[in-house]
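Paired with chain B in one complex and with chain C in the other, chain A is shared by the two complexes that follow.
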Partner chain A sequence: MSETPLLDQIPDGPWPSFVKEIKKTAELQDKAVAEGKDIKMPGSARALLKQIEISYKDKKTHWKHGGIVSVVGYGGGVIGRYSDLEDIVPEVHHFHTIRVNMPSGWFYSTKALRQLMDVWEKWGSGITNFHGSTGDIILLGTKSEYLQPCFEDMMKLDPPFDIGGSGSDLRTPSACMGPALCEFACYDTLQICHDITMEFQNELHRPMWPYKFKFKFSGCPNDCVAAKARADCAVIGTWKGEIQIDQDAVKEYAEWMDIEEEVVKLCPTGAISYDAEKKEIKIDNSNCVRCMHCINKMPKALKPGKERGATVLIGAKAPFVEGAIIGWVAVPFIPADELFDTLCEIAEKIWEWWDDIGKFRERVGELIWRRGIGEFLNVIGQEADVRMIKHPRTNPFMFFKEEELVESEVVKKLKERGMKWRSFEYEGEEI
Partner chain B sequence: MQQQEKPPWWKTDFGPPYFKDLMHPVLKKNYGKWAYHEVIRPGVIKRVAESGDVVYVVRFGTPRLISIYTIRELCDIADKYCDGYLRWTSRHNVEFILTDESKIDDLIKEVEEKVGFPCGGTWDTPKGKYGLTNIIHTQGWIHCHTPAIDASGIVKAIMDELYEYFVDMKLPGLCRISLACCANMCGAVHASDISIVGIHRTPPLVDDDAVRRMCELPSTAAACPTAAIKVKAKEKTLEVDGEKCMYCGNCYTMCPGMPLFDPENDGAAILCAGKVSDARHPPELSKVVVPWVPNEPPRWPTLVEKIKQIFMAWANNAKKHERMVEFIERIGWERFFELAGLEFSWHLIDDFRIPPFMYASYRVGTQFRW
Partner chain C sequence: MVEITYTEEDKQKVLEKLDQKLWKIKDLAKVLRMNKKVVQKIVMDLIEEGKAAYWSSGSTTYYATPRYIEEYEKRRAEG
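Let's look at the complex of A and B:
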């Protein structure tokens, strides 16, 4: 009888099966061992299968809380993982994950990939995730003593692969394919992602903050990397000025597309009008909110405007601890050529503030709620902008700064009594 | 390793490989100079550059968990058809970039036969024909210590059921499905058309001994979002107030002595009507529509059935281009529950201390007028 009766039911159906992948690894790993290949984790794929079968039977995980494991010089990038079934599956009792920093946009040469796979065949389980949720290549399962030599072999490759982020550090930044393949990209997502990753290597490898911090880069408001929902700092390409129109291409679309129904009527602000006779469209750009719908519909005819840059949305996060949040507007527009410098500047200011007064496991978004948007805008040196809100506040409980008050007898008396006003300035030493 | 022992090849902080070194020459040549794209058939996107160069991007779904031996097979195919280059998408799909249109059929045949990955996962917005893309997901029982549900097994069961929508483009709009196996949501699935989240339903069963050995009492208590944990200083352990605990598992993340697993009561909540794109409707969080379904490995029939009900209610009734949230805003939640055959229960009315009131007036997304 099969050792894995429950998992055996899984390959049923047309979708590719993870069980098949693990079984294939187990078989080919055995074969490689038989051929005399130097394989440090023999039998680990088979043991993993066995453990998952038990999870399927018990309806619970059999992985325990991870201890701290890492490679020399780094604090992040390796996730400690131990099985609670060590007697049954000793091969995966220690089964740590290595996160490997992927190239921007997940572009690979087969040469680079093959080398990395050779390293993982030798030092690990032979099982991977392409990719983990944050974007890293995930090498799934090895022992503590193999972490260091595995990383050393990764350093020696051409090109070498470095480890990604984990824990309370800068997580591996990720970007949409942007200018490499997409005509909508309003800035160079891949280059900025690479440059930010290189600029902040220390922050990425050595956890030292209250909690994690994520950068994600999407080239336009379509947001193919879901930055708005999950990056503390989401950088979303956008533009100012007029959408570029090629009326000849509009005419081509008019041959088969119902432009009135599918473009004009679906524009959220009614900014488009269509002249069915001339087969031309007109856009009221002052009323366009740059949602991308019309451009997605007619990529041959419409292009984002020429003045390009990005919006920074801040604070997105999953429900832990205070509830889920979609990032909100912190900087409405940064011109494309100033993007790298401005992002570095903003990030460093935020990190200093957060590092100083953030509580343990408090994300930047939650810190902003606690301290107020006023202080946050001061920290990053950003003026208030009506584009940051859906509508102004509905209550009158506003703060006023001392210098905004009219000199008066009452103010004088309050000062004499030692009244203090909130400054909204962030002072380094304050707690 | 000591400083002086470090060999000449030793280095740290060298970062990822430079992407342009790993990119097909035709992409490098036309970098930033693409003119337009067309989806010529499910899974195949034709991209035309200003220079006149044309590439065909051929997309295949993967199970995310992949063997190194499969990656080598994918490399063999990329060597044969694509000059040795390939890429992955943000949703676990692998893409081959062809310059020769006549090779598309052979490539698809070879990937499907040798590796077993299906071609699809694309959508054609100009024509208003949409395919379903891959389900973004997390580790589950394969490799995490906090999951309330498995990840890969559920994704497999759902995608088997919805397979025809991946390999074709017959949906009215975009539909992003995602799964996270606990509320930590390392996959951040909270803004998807349909999301599945692993939840617990029992408070932590405090393991006093483990708490004493491994946990810091005040910081574990402070980690509770509802202040349900009391420090019992004398006994050097923690106590949970069952009236306040909503089973989030945050304390277990902090302290191994606070396990909250119950195979019979753990399960999944289903959320829907979220999105991240700004197209037409601004980004929005997903909302819970099914409070709990049990864990039913290996095929999760109840969960798959509910997902199918939600999916079909939208697929059969949405207008062209409408995403879940737009569809439900048009027809109303009462009609949605009816169409999807879901029961509305008291659990679905929010009673968690919600994100601060002020957040409701902050603008999310990038829809501005200048």
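Let's look at the complex of A and C:
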């Protein structure tokens, strides 16, 4: 009879299952032990399942959070977790989480990942979460006494890995892949994320604020890291001047796309007009609100303007239960080459203000609600601007029911070309 | 940047308080009627010297002496 009859039912459901993955890890851990590898937490993955099974039966958690756990010199990056079932599952009595600072844009070589996993196989449960909601690599489950040697082994890797943020500190900054892979990027998200991380190491590793503070960097208004919904300081790439148009490429799109229906009519400000005879489009750039719709639809024909930089939005947060705030525009445009200096300057002013008058566990966005945007703008030395609207939307998430989804012409065309929509297959092959 | 300085007496006052409960810097500064930046600096120096330590709930961070934290952890373990 299985020790985990309730958990065993979970992989039968339609979704990827954490139970299946933890069982796989347990098998790998057993194998590593049998091979004589130096495994410090043998049996911990299986014990974790046992503890969760007991929680399902008891209908309550058996974890206690918090503690003194950290590595020398750091106040954040490790989340203490203890089991109150020490006698039944001693293997997971300590089950601390380590947050590891991921590289900008989440690029890894397989070598880097293998090395990191070897360290984690030795010092921890082997269970990981790629990635946590802040973006860190999450290593789940180790003992207090293994934290320091695990950290030291990570630091010795080539490339080395450092611990990320947790607690009342600067959380690990994250960035979209930006110019490395994406031609929409209006600034170098990877570089600035790296530079900000290095500049504010003290703030990242030594928690001392009222609560957490997050930077997220998106290279364009598509905002692939959802910065405007989740980051206290969201830096979103944008441009000044005219969207670049390649009229020859527009003509190619016109061969198979209904530009009037799919692009012109869906521009939120009606800024686009289309000459169906000449197969050319015109954009009234003074009315463009940088929604990216036309550029996303016709990436070969349209590109962001040449004068590039970023907008800084302030105060977003996305808690699990309620109280989500979407960021407000704090600085409408910072040229790309001034971004780092300006961001450092603004961040330090905000932290000084927030740290001074912020209440316990009050995020910057909540402080702005409480004290008013006027005071905030004085703090960062900005004039009020028409782009600083108070209420773009109350909830940053939009949900659609299956039946509300309408297939676009683009999707139809892609299907005709052999793309299996939403299945990640192309011409029968997995991609 | 202006260098933050303090006296041994200030440091001692902070240390005494840290041995009594888990603190947030701001509250500690308020109770001691000291400048927050100075308290912050003292606490960081005490951490370097091993005389103070962090205690984290995961989402928020507090400070106390290792002795107090050990005692607190023991009480927590006993439920």
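Criterion: the second predicted complex is superposed on the first by the 378 of 431 C-alpha atoms of A that agree within 3 Å, B and C clash if a C-alpha of one lies under 4 Å from a C-alpha of the other, contacts with A are read in each partner's own complex, and residues count from 1 in each chain.
One rule holds in what follows: a residue touches a chain if its C-beta (ideal position, glycine included) is under 8 Å from a C-beta of that chain, and two chains touch if they have at least 3 such contacts.
Values in this document were obtained by computation on a predicted structure and should not be read as measured data.
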Inset, instruction - Using the superposition described at the top, determine whether chain B or chain C touches more residues of chain A. - result: B
Inset, instruction - Name the contact category of A:F360: first (chain B only), second (chain C only), both, or neither. - result: both
Legend entry - Which superposed partner A:L7 touches (first chain B, second chain C, both, neither): first
Inset, instruction - Would you check which partner chain A:P207 touches, where first means chain B only, second means chain C only, and both and neither mean what they say? - result: second
Inset, instruction - Mind working out whether A:A336 is in touch with chain B, chain C, both or neither, as first, second, both or neither? - result: neither
Legend entry - First, second, both or neither for A:V411, with chain B first and chain C second: neither
Inset, instruction - For A:C182, select first, second, both or neither according to whether it touches chain B, chain C, the two together, or no partner. - result: first
Inset, instruction - Using the superposition on chain A described above, determine whether A:K64 touches chain B (first), chain C (second), both, or neither. - result: both
Inset, instruction - Applying the touch criterion given at the start, work out whether A:I22 contacts chain B, chain C, both or neither, answering first, second, both or neither. - result: first
Legend entry - chain C-contacting residues of chain A that also contact chain B: 64-66, 73, 360-361
Legend entry - chain C residues within the chain A interface of the complex: 24-26, 36, 40, 44, 47-48, 53-61, 66, 69-70, 73, 76-77, 79
Legend entry - List of chain A residues in touch with chain C within their complex: 64-70, 73, 75-76, 78-80, 82, 84, 166-169, 206-208, 210-212, 355-356, 360-361
